[in-house]
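Each chain carries a letter (A, B, C, D, E and F) given by its place in the written order, and its residues are counted from 1.
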Amino acid sequence: MEQLINNFASPVVLAFILGIIAKALKSDLDFPKPLYQSISIYLLLAIGLKGGVELSKTPMVEFAWPALATVFFGIVTPISAFLILRYLGKFDMDNSAGIAAHYGSVSVVTFIAAVSYVESAGLSSEGFMPTLVAILEIPGIIVALMIPLLFSKNKGSIGKALHEVLTGSSIVLLSGGLAIGFIAGPERFNSIEPFFVGGFQGALFLFLLELGMITASRLRDLKKTGVFLVAFGILLPLLHGSLAIIVGLWAGLSVGGATVFAAMVSSGSYIAAPAAVRIALPSANPTLYLTASLGITFPFNIALGIPIYLLIAENIHFILP
Amino acid sequence: MSYVKLKLVTIIAERVLRNQLIEELKETGAKGFTISDASGEGSRGIRASEFEGRNIRIEVISSIDLANKIVDLIQEKYFLHYAVVVYLSDIEVVRGDKYI
Amino acid sequence: MSYVKLKLVTIIAERVLRNQLIEELKETGAKGFTISDASGEGSRGIRASEFEGRNIRIEVISSIDLANKIVDLIQEKYFLHYAVVVYLSDIEVVRGDKYI
Amino acid sequence: MSYVKLKLVTIIAERVLRNQLIEELKETGAKGFTISDASGEGSRGIRASEFEGRNIRIEVISSIDLANKIVDLIQEKYFLHYAVVVYLSDIEVVRGDKYI
Amino acid sequence: MEQLINNFASPVVLAFILGIIAKALKSDLDFPKPLYQSISIYLLLAIGLKGGVELSKTPMVEFAWPALATVFFGIVTPISAFLILRYLGKFDMDNSAGIAAHYGSVSVVTFIAAVSYVESAGLSSEGFMPTLVAILEIPGIIVALMIPLLFSKNKGSIGKALHEVLTGSSIVLLSGGLAIGFIAGPERFNSIEPFFVGGFQGALFLFLLELGMITASRLRDLKKTGVFLVAFGILLPLLHGSLAIIVGLWAGLSVGGATVFAAMVSSGSYIAAPAAVRIALPSANPTLYLTASLGITFPFNIALGIPIYLLIAENIHFILP
Amino acid sequence: MEQLINNFASPVVLAFILGIIAKALKSDLDFPKPLYQSISIYLLLAIGLKGGVELSKTPMVEFAWPALATVFFGIVTPISAFLILRYLGKFDMDNSAGIAAHYGSVSVVTFIAAVSYVESAGLSSEGFMPTLVAILEIPGIIVALMIPLLFSKNKGSIGKALHEVLTGSSIVLLSGGLAIGFIAGPERFNSIEPFFVGGFQGALFLFLLELGMITASRLRDLKKTGVFLVAFGILLPLLHGSLAIIVGLWAGLSVGGATVFAAMVSSGSYIAAPAAVRIALPSANPTLYLTASLGITFPFNIALGIPIYLLIAENIHFILP
């Protein structure tokens, strides 16, 4: 409980709330688009670079099981999301697949927030976690886009959508940063450290302020999307997150690492996936998939999900063999 | 100076279609195009790419024939599911063969 | 394919009028609009909002009737004190009822 | 309300010509202009100023006479070596004397 | 005198001068608009956050009198400015009210420059000063816009203008930052401190470079506006500033605080006020109000006014009971 | 050899390579234009400021010979480039002059990379080096543009081109920064130091990532430009660089300083010169001059040239009297 309140009083969560309030007041506050893009580039590179530097210090064996677990969730989560949406939620084929694609992929900001939260709780997560993000970004989208390819007639350009995801800027920046950090190593990284490490939390603060403003417009669409999707957007991450903690601890992750892993797996992409789905599944309704991943799951994870995952990880930790 | 009468095709579409539209315009026979950022409202609401700027405006100077083909393309492939409008206007250019 | 002849109303105005103009265009009956950034010079000089980018360009696809109403609005309410110009041109669209 | 028929001259040119074109338009007699950013492709490839944004679009509301003069200017001085296109369209304005 | 020279050799004042020179040389130096907006957002948040953190450590009683003094000046300064312009300057109703509205509000950069100047002089100002800025931003504009509402026929949309001021981005960022800093407190603020404190002076440097370029075009309009307005733009801040020092010290502010208070009260807004006045008083001439507040008072305060206020505050300090 | 590998593993060189790879993969990674411009402004100011602060500590006599050497190379390098292109390469008058103008001027990023490289090698360069960059930026362009003025009929607006170069933003920011750093001095510079020094390498990292992406499109034009230009783009900097080292050491520069001097002199401008040449020599082909200076010489210098210059400087150092 205290941890929860603590999380709500953290600057980045408060920034997110300020963004929502600003839009609710119809303030003309507006982030210039290039600032939003620049911070995106910065955060992805910074996460990649730090991860790469850490990776250069990690024995590769420790990394194999978590990587496998990531691929596993990349394949399983979009399928479970699809089945729930299609058969419990009665959504049509394209909308089910469209929403599912988002939950197969990953929200980088949720990942970052989890890393920060874990650190602020005095724990830490494995240095190779950003590598897992890069691994997780893609398979979920592919799997989910395959489903309508097999069943639906309403096909858009899946090939184009995949190329877009694979060479998308988030993958390039994240894995590019990883590679550079890995090659350069800790010593050469020193020169750019003040920029990429010192400024990180502040940049994240600005980013969440902007995300709060964007989320606000999604919140307005909540009534259009119905109560099922709201429940789905909260319960699915809890389900996926809990599974991720168990599998993550099994795969050898620390408590902090398992918490971050849960945040990754349970989160829904809100950048790569929407663009890919819009191209590949034109008839899927953007209001549904954006509201679910950005309007419900994202704020839930930031404010409540991550502390809950840590709580679960801390307790399950003792039970597991 | 002698002017040639041509058509200007203006397409306003959600940003996510950018690369795809450019490719298809070239395939359809456009000799060039001009593209710029815009935003706006119409009958369709939310965009998937809202983060990255809302709409794009693409303009193509073209013969009547090509103009009709482009309108057909947009109409058949994009009108139903995407936020997009297209309109034609009359223009005059010198050295009209550059565009045909 | 059958084209419908409509009007394109183009308004270029100082940026500070942005929200107000959009609101009034909707009230006047516009079914949509496209807006983009611009700068420029004309008979009026300094802007109050120069920091934030100079002009905006608003375009509305509309019937002749609505076009006239919009020109009236700009003329009566804004010409005297604000930096603003408005002009009409002829365009052709398919599915003309979308704009009326 | 009585409309006056005028011409809209649209120039799309590589960015490096910006200041020079504005100066020459004023010298030629333009009473105003609107300028915005754009990019595009045409028959010419690489630009020298690609870093700083590709093309600019300049629009001038003008009499037929001035429109012809501007087209002549672009044609004689810029067509050969620079990436630039220019076209005219018909527009209607109120208070037409503002632009002449 | 030495203090004056010192101020002229400070990087931020030199940046401002470089901006003016660049434009005088007709250099094509141009700040991208999004950079200008981003730095604005950053400075307002940073000031708010730091103020909020300080506020969380301040006993509330110390804050009451200065807050009251701020409201007092928010009401009095636009009226005194209006009367001087209307009856001494013979400006018409709308122009008098339009210019007066600017002097009722506050220039945040002048405020920031004063805080930095006071610090560089080895003093400090109260932590709650940014709260006073947020309080001062609004009443002056309202009061000044009321005047023509009562007397003039040339009314624009005052309602819209007020909504624009109240939910304007500077108010939202400043008070949002204050609230976040206050809630988060000193410890949680640590994570974002390198970004918002370490980079502050550098960002201010860039901002003043840009403001110098903008001011340069206002300086060119000086001959159009006449000698009265020039005198007004220098003497009014001296008058308001001196009063603010006396009242500020009375209200319990330190010498540094009173200096900053004088800078705030005497400054003229150049962002919120121009937009509001343009909408509410269409027939007021922007050349007049922008030249006065941005072309005359702003550089005067930055270069001479602030050191003078400190001098006055240091001397008056001994005289007051 | 080890130094070379070391240079290839430095974060900024890796960032440049990442940029090239991203474009080769047709990634949609794209830097917002305002970010590119903002980093440009930042780097130029930072270099100027640091140089100015150093200059304020340097006895002026040390500076005279290197300054003279700079003017010398500003005049000689465009002429030698022109003669080689015209008579060995058989380029026409305008293309020869157009390309030559680029090699008369200077690439600021090459300069910065050299300064960083020298530092990472445990050496240092003279504090007044940025002053030399400002001096070198202009004469080469002027001299090269004079050539066709004398011989060719295809004249553009040379006057306009010169005004553009002289008041161009890079000159204004660089010399403005120098002046401010010089006037403010080390102590007053402290306040803005975290921003302009701490963040420098990180900003350079981002800038080289973007330059990599821009270079990638120039690399695609390599086949159009022919093998002569490729050889020219590598051998000319080696020639000019070697001369610059000898003259630089003669003029009293340290080994580090001479290395940086060689990088400056041998580099080709890719911002000021292209714009000036496009205006002044409309019939010169931009594909040729941009590919040479940006597609060949720039990556050559960054990856190989600078380490080679240091090697030469270290060895020649002992031979010279």
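Everything below uses one rule, namely that a residue touches a chain if its C-beta (ideal position, glycine included) is under 8 Å from a C-beta of that chain, and two chains touch if they have at least 3 such contacts.
Fair warning: this is a prediction, and the values are worked out from it, not measured in the lab.
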| Going only between touching chains, how few steps reach subunit C from subunit A? | 2
| So subunit A and subunit E: same face meeting same face, with over half the numbers shared, or different? | different
| field | Computed distance of Cα centres, subunit E from subunit D, in Å | value | 41
| How big is the gap, in whole Å, between where the Cα atoms of subunit C centre and where those of subunit D centre? | 20
| request: Identify all positions of subunit E at which a residue touches two or more other chains, and write them in rising order. | output: 28, 32-34, 37, 198-199
| subunit B: which residues touch two or more other chains? | 19, 36-37, 89-90
| message | Run through the chains and report each pair that touches. | response | A-B, A-E, A-F, B-C, B-D, C-D, C-E, D-F, E-F
| field | Residues of subunit D that touch subunit C when the two form their complex | value | 1, 3, 6, 8, 31-37, 61, 89-95, 98
| query | In the complex of these two chains, what residues of subunit C are touching subunit D? | reply | 10, 12, 36-43, 55, 57, 68, 71-72, 75, 79, 85-90
| Where on subunit A is subunit E touching in the complex? | 9-12, 14-15, 18, 21-22, 25-35, 116, 120, 198-203, 205-206, 209
| query | In the complex formed with subunit E, which residues of subunit C make contact? | reply | 14, 16, 19-20, 45-53, 80-82
| field | Of all residues in subunit E, those that touch subunit A in their complex | value | 32-34, 37-38, 41-42, 45, 49, 163-164, 167-169, 172-173, 176, 179-180, 183-185, 188-189, 191-192, 194-196, 198-199
